[in-house]
Amino acid sequence: MIEIRWHGRGGQGSFTASRILGAAASLYGNKYSLAFPSFGPERRGAPITAFTKIDDTKIRDRSEIKHCDYIVVLDETLFTPSFFQDLKPGGRILINTAWGERYKEISQDLIVTFDAEAIAQEILGKPVTNTAMIGALLGISEIIPIEAGAEGINNEFSPILAEKNIRVLKKAYEMIKGGGYA
Amino acid sequence: MHKPELKQYEKPKHINDYPCGPAALAGTLVAKNAGWRTKRPIIHKEKCAGCYLCYLYCPEGTIFKEDKKINFDYDFCKGCGICSKVCAHKAIEMIKEGENGN
Amino acid sequence: MGTSKVFVSGNEAAAIGVKLARAHVISAYPITPQTVVVERLSEMVEAGELKAEFIHVESEHSAMSAAMGASAVGARAFTATSSQGLLYMAECLHYASGGRFPIVMMNANRSLALPWSIYGDQRDSLSLLDSGWLQVYVEDAQESLDMMIQAYAIAEHKEVLTPVMVNLDGFVLTHTYELVEVPRQEDVDEFLPPFDTENKLDFENPKNMCFSSSPSDNMEFKYQQHKAALKASEVIKKVDQSYREKFGRGYGGLVDGYRCDDAEIILITLGSITGTCRVVVDELRSQGKKVGVLKIRFMRPFPEKEILDITRGAKVIGVLEKDISFGYEGTVYTNVNSALIKSGRIIKSYNFIAGLGGRDISREDIKYMYEYLEQAASGAEKECVKFINLGVDTDGE
Amino acid sequence: MGNETKKINARNITDKEFFYGHKGCAGCGGSLAVRLALKVLGERTYTVLPAGCMSAVGFVYPQLCFSTNAMISTFAGTASMLSGIAAGARALGIKDFHAVGIAGDGGTADIGIQALSGAIDRNEQIIYICYDNEAYMNTGIQKSGLTPFGARTTTTPAGQNIHGSITQKKNMFEIAAAHGISYAATASIGYAQDFMNKLVKAKEVKGTSYIHVYAPCPTGWGTPEDITVELGKEVVDTGLWYLAEYENGSFKLNKNPEEFLPVEEFLRKQGRFRHLDEKDIAQIIESRDKKWEYIRKNWEVA
């Protein structure tokens, strides 16, 4: 089972990201998945965690994710070194940042950085980075095919918004594949 | 007058004879109210103007129209005397139950 | 089959189920974590996908009162609530079951104040076990959708005419998104015909409903209600069977035993935690341990026979519940033990109180319970009522 | 509305009785209100009554005294159950019906006010009638939110220190009106024609209507059984109650007595007021006069 934890702030779309990935895996990626937010009241600006579990068979265990394959950080102010303890062996942390070098000093192999905000600004005209981060995650993980990811976005958004977000997704995917990340 | 008919009630013998849940036919009367009465109204038809004020104000609905005047359903009249009070023509008299051989 | 697949939460799956069941009247008051189900239903009404009257009531008490009004004229009524809301409508729960109104309600299982908590446990619905409602606890979003449809079939059955409460664990189930297959409307229509009852206010045949009855008749009405709730056992199984035939999915009726056939240690559960137990059972089985998990689906009617049947070969039983009847033990445990005692079987049983106020129950916690039961089976002295995962030391106290 | 509506009176009202054989006390004002309301509303009416005298006396299985569709609601749920009935009937395509709730003063002004407020807010197509006998009579005459100042009840005893109820009646009529309700009215069973006229209006109004009808209770008030209607008249003639309407956003007084009948005489007829002293009565008169000053100044006066 692949277990992913998302970090962001209320309003940044972390839970939406967990859901898009889950829907993509379930509906178009031939897998099973669960997506859920950190339970509790939702408040704009408050730190939010969300989770996606993906597996080849039906997922029965609904308990919290204790150890992650990937931790995706949409808002870098939420990153703390304690995240390393939450990783499975071989797990990685994906951080949205314009200052990748800062994190290289912390860890060379456990952290992957990516400037999702730049792409979001360029294509969406606003700093909503959730779909870019899904693209980056699929680029480093290949959990599901990028086309399934695009379908997941279609499933979530209205056609106009979906089209733009798919462009974001694919651009992020290609950039990170090509090593063109910060 | 149009009023529900008094029916003979038999207590169900089998559980399935009870209605399914507390719901049953509207307007089911199985007992009279006559026994509540200590006084009864009687109509002096010669005085009755047929204004129907008594009919209107009867809380029981036991006064009915008859030949342009009124009469009583003694099975359900409780003998409150409102009719006698509201009658401007003093056509209704309240008498003690048992008086006049009633 | 022409079905479609969606990726939705337990709440959304419930809403889809209610839509497919063609509820006529929906009356609801918002409470976390129930809100999404009524938000989706109101969107469906707005979009014209669901031809229903949506009543924005001012309280849960009114939500259930309105549902009873609707049911009283022969309409199919739905409401949803949770926790304090369920307790606020408690009077109406007894009223609806006594009035034999086949209403379906979703309850998002949530802890009760005090202390305040919006997180999940099952004290809300279990504290209303005696309200005369049939209670079912579902495990995942698919079962949630399917049970909304089945619930109407059960509730409206002429020999049952009893309301059904479908319980979804708050957040863990209500807010978790997963893959759900949506049956075709035509198939649901065939499975669930329009609600037809004589027990209604009707201008052709007027009724007086919800009347009083003196001590000379009152008990008969209560006996009749009890018989109907017992009768539901059979109906639940039949409905589940025909649902399986039509839609390819069934849930075992009153209970669902998992790897219990030769099990010596059986853990009894309710609701979504069963999923985690299944995973642990698989793991322990692979280590050669004879363990199983028994999911109680219906707490009312209580699956007495089924529990006795499935636990026949067990040496020890554990009951895991997100509930405590303060000053005694968990209510599910009491019910299970009553079934065992009546049958004359002496079997060791233990009660695990876990997940109160939304505390997570992990695989490790469940493994611990199986170990506990294993030790008990081999003669170790064990506490009968054990709180799991308390964060503080309580020894010597 | 302004429509020409056919008046219903003692001559042309239906002969059918829809509330018959009930076990209400002899001379009960509440049962008269129910009887008249049902006769005006007719056969295609769903009636909802909460716990209270009228349900207690009308629905004792096997004696079921409503000849039309009727049910007992939860005490707090008259207006919400009524909303459910109206919604259910609409959803099933049932047409040309009335849904009427008939609740007492406690069921309306206290425990039922939340549901009533919600129903008016939603502008449900329902008629809500409060028969006001000024205390919880069914449970044995306890004070309600509509018990008037000075009245003795079993929970507001009249003694040396306190002379009965120390609170004023909640103003339910204006509370209903404050919602911007389609139609609200006050009435008294002592003025049956006026009450029936208002029921006819309520029948035809689009949206919610609320009628607050004053209904004396011989048992709870300590009055002879035969003066119920008389008391229902005198309360209006003394100015202690008023006949009014609220529609299209404005208030209208239907009856404006040039001179009030003496208050003291009216009060002394009732056991519940017999303990009042001069000061108490003066206070009652003073608050009456204040109210009338306000009404005459602010409302349309017929």
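Order of writing sets the labels: A, B, C and D. Residues in every chain begin at 1.
Keep in mind that, in the parts below, a contact is a pair of C-beta atoms (placed from the backbone, for glycine too) under 8 Å apart; a residue touches a chain by one contact, two chains touch by 3 or more.
Keep in mind it's a predicted model, so treat the numbers as computed, not measured.
Set side by side, the interfaces A-C and C-D show unequal numbers of C-beta pairs in contact, with more at C-D. Between the CA-based centres of subunit A and subunit C the separation comes to 35 Å, rounded to the whole angstrom. Computed from the mean C-alpha positions, the centre of subunit C lies at a distance of 43 Å from the centre of subunit D. Between subunit B and subunit D the centroid-to-centroid distance comes to 24 Å (mean Cα coordinates, whole Å). If you average the Cα atoms of subunit B and of subunit C, the two centres end up 52 Å apart.
Contact with two or more other chains is made by residues 206-213, 217 of subunit C. Taken residue by residue, subunit D touches two or more other chains at 61-62, 64-71, whereas all remaining positions touch fewer. Multi-chain contact residues of subunit B (touching two or more other chains) are listed as 22-28. Chain pairs recorded as touching, per the definition above, are A-C, B-C, B-D, C-D.
Subunit A contributes residues 19, 22-23, 26-27, 32-37, 39-41, 59-64, 66, 155 to its touches with subunit C in the complex. Those residues of subunit B that touch subunit C in the complex are listed here as 11-12, 15, 18, 20-28. Considering their complex, residues 10-11, 13-24, 26-29, 31-32, 35-36, 61-71, 189, 192, 224-230 of subunit D touch subunit B. Those residues of subunit B that touch subunit D in the shared complex are 1-4, 9, 22-33, 36-37, 51-53, 55-62, 64-65, 76, 78-82, 84-86, 94. Interface residues of subunit C, counted against subunit A in their complex, comprise 5-7, 32-33, 118-120, 170-173, 175-179, 272-276, 278-279, 358, 360-363.
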